[in-house]
């Protein structure tokens, strides 16, 4: 019943085997091992084009260093006000980029839309004097509210970004969960829709610590080399980190794990519905946001369940009673039907 | 014969077992798991006092974030000009500290001495106008030239630092190798000698990726929380990284591995001597710097040996012929007598 | 009829005389001249306590460097969302402070109140993990909406700040205009009400370029020395800049000029009222915000008037017709009754 | 006898007249006045091509913001180790550029030569891993040692820079003094010789505070807009600062003042020679570096002379007795023959 986050899970056996195998050998450090090169090539295969990948320690670092590639003096990133880069990363984007600022925008379900971003760009352009210039738009896929952008929504933002000379960044901490939900290819969800920089997260989906900045442009890649270095994110035993990605991509493991996590979230949704618990808003992927009575939440926690409270969104908050709260349940690759059923059973046993 | 660096080795079986054990379970993220707390407590035990530890992804991050704790506008760190923070970290200290500058000083065997540091402090103080102020001294133990500071040498620098209101930082990427060589306690080699911030490296000595900032002062610890966060160095599955430290410290594994690495370096030294190959300078710990003819180095590499060229030091460079170079050999926990003997044999088979 | 801003005015004759006098002599550079010291002493007199003053080139620099004195990793400044530091300074505070972030809050008439700031502090404290910590509250006196904090309003914010260990900063680009309006002493409006750092602006009130960071604490002053230096804001011929302040304070010139500017704004208000033009909101000091028909604004500009459009505030926007806009009129020390009357006459001549 | 620096002088009457004239009028702020535009156009005339100029408050800001235009992650500026940007600017370049580092190089008379810079570039390129990349070379004209680069020396460095894709920056705090000494055009001394960014200083040569970043490329100019803004260096009453430049360039005033300063330095040199005082090294322009007995220096100061001690250079230090020091004498536009003669007389009156 530990649904606090998908990063509460451990790592998949296949991932661990790969780590063990690589860790028993000697090999060049700092990304110069055969396995590092093989993983880089694998990314290019998966994305169906020349792709440049930079392993880093965390999703926060991936976001910050991805956006840093387009940092300029006065540069501003347009993003949703509930985005992880705004709320949870301690100023990482601002700091590791050497001064980017974030312009938080509203939008239903944690999603940006074209009109809002356009207005944001116009507002910056209208600024008195040269004090700010938009350089990028950032979206999260799947996002913090459990929503997933449709391909045409990404493409529309991508087109808008290009029109204004901006880069499009995707925070893909839960990339695989969105991908299997949309049943599309990595290429379709990224560069074919206009994405320039991707934070590719595998940690939440069954790895130990496997996050990466992915860029499609050679010029951006050259910047990343130096950006990652000065941020202290170049693993010395990089090949052991790379081993996680190698196993992650082998035989579609990553997609199977994400599909499983999503299915477990679906089972949670069904259980909640059956128990007449309403969701705060509709979600896809592996996150669910039920509205619970505070007493129920407390009782579930006493029974061993783990989950977090979630603040009501500023955009379209659900109707709630005074004694109700929103909580977030996240299903991981390691969630089982038994976990879900135990949770639902505990929920229904309300006196 | 892979002596290029100790980070070319893999990880010890005990470390891998611990990772596996922890990775098979669920647990709180971001450092809030029981194991995170147990490891923190273990550090306090090992250092015989309240100690604050912050896991980070790399030794470079550990150095930068350790020094960042005492960063101030105009702040300058006095260090050896051959130090890793000067030569190899891509401006990481300067960047992650928000603007510290490095004042590189000379000194035999890569070591700072009191007179040199005192002169460096005086030079900064004498600067025209308030443009720079010393905030810290940084030493490497064991250092980049394979030398190890004696306890009284550290204590002398520590006393000097205190006298001038400066912090003393120790880059301990090879902390254990120095510790077993000196046969002293961690407390003696650090805070008892005046060290305020320690970069504690376990990666090179048998872990996968296990580096940490260690500080002894509560105020510095509070800064670290925010410094590490904004640098994107807070692992989500922190407990799996912590597992490495738990195993590292269990039953003296870390000291055994370091002692073994040092012994293998000692065996290398003997082999070199027997082969009439001279060392560029005397070393202790697990690094050796022989002077080889370029042809010999090339031949050894063709035979499968791995090692790096090393630039002659600016201070007291050894006498060398035009066709000679200095190379660095580093023995790791995983080096074997067979590795060493094969290398020496290859060396002696010079036609 | 040039009411676009008080920085469209030139400089007062007394100020110019002082500049000339000083510029005809030799004298030590970088703040070491007798006049630099005399001006510093004068600030202490005026503020009735030991005061530390740092001349800088602009009001933006004064704001940024004042706040920078309390910058810490993860540090956040609570301020109004319409504040100059948010809207107009190109990221100067964030940049020159080495990474402070701004938390923009709402509030009527561009003013912060205790409840809003308290909620803002609570929100930051409740952040998931150590990603942000409040370090300062910033108010503008007189502010961007032409409003002036009453002494007890400042004192309430000052008390709140102290309670939470935060510094209170005052953007005093129009310090004198507020001071004469409140008919209080500089001490009462600043440190006696809890202000720690003050941006003291004299440029808008009759000087050429005379802005300063003023701090009351010795520790903050030491930081300022280095902060200003690394920002390139130490004038070499500092004494000629200091000359402006010397004349500014002599014989109450600064108060006379501010009182005159405020009176001219009052005359504008009367003229608008007589012409049945309504103000968007009530103001004090030397700024007035009438609501004009777009056609009227255009006509006035054709007639030679200069003023800027002003965006409707997010908090309590006035009722406006579709063809109406808000404009800002600022009266300076150099505005004359003739200027005002010409403007009002042009306004009333609406066909 | 006040030869401590040329910034100990005041301002020229013509400069002051222009300031007065402009300060008596109203006019648009932030660089939008007619005079701002006229001065910008004048720079283009003087440099015989489209030139972009950005007024800033100090020479330090000009240097930092000029170099910042080519800042990139990992970026390094090659410069002389005695350069003002290394020794005197409190980390301004590093800070205002968002992280450039300085690679200090040696060289006689404070000058860089091609071989040294080439070696510096090679050393950076040879760095282990992508930790540093050269982005610019910086020279000072006239430099800190009173030396002036010949046109072909600049051109050689410019060609080298281009060859390696680096920008060439010139610190022109004493631009006019060098220019009249070389009897060449501003174009010849800058862009025709490969200079991309110029710190153009007029403060030391008769203005109050008149420094500027000058760039010849439109792309660099766009960066400067935002760089200057976030550094707080956009004067509101910019037109009054611009007035100084207008007068500076009118009727060749700037060249006359510089020629006079150089001539006074020449008279000093003659006086020293006649008094058998040797110069520490040969100089041109308006700086002279005699070797004095400490007792003599003390005596001169007691007699009212002002000048600074100068540290012996690391490259080719002059032979000196234990009781001798090097001092620096700087002649300004305001130095008179009487000043010089009084100094020389005082010097010769040695008992």
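We call the chains A, B, C and D, going by the order they appear; numbering starts again at 1 in every chain.
Criterion: a contact is a pair of C-beta atoms (placed from the backbone, for glycine too) under 8 Å apart; a residue touches a chain by one contact, two chains touch by 3 or more.
For clarity, every value in this text was computed on a predicted model and none was experimentally measured.
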Set of chains adjacent to chain A and to chain B = C, D
Taking mean CA positions as centres, which chain lies farthest from chain B?
-> C
Interface residue identity across copies chain C, chain D - same or different by half = same
Decide which interface, A-D or A-C, involves more C-beta pairs in contact, and give its chain pair.
-> A-D
Whole-Å distance, C-alpha centre of chain A to that of chain D, is 50
Just give me the whole-number Å value for how far the CA centre of chain C lies from that of chain D.
-> 34
Whole-Å distance, chain A centre to chain C centre, using C-alpha means?
-> 42
Enumerate the residues of chain C that touch no fewer than two other chains.
-> 30, 74, 89-91, 95, 98-99, 129-131, 226, 229-230, 234
Which part of chain A faces chain C closely enough to touch in the complex?
-> 74, 87-91, 94-95, 99, 101, 127-132
Residue numbers on chain A that touch chain D, as the complex places them = 30, 68, 72-75, 98-99, 129-131, 133, 223, 225-227, 229-230, 234
Flag every residue of chain B that touches chain A in the complex, lowest number first.
-> 2, 4-5, 7-11, 16, 19-20, 22-30, 56-65, 89-92, 95-96, 98, 203-204, 208-209, 226, 229-237, 240-241, 306, 334
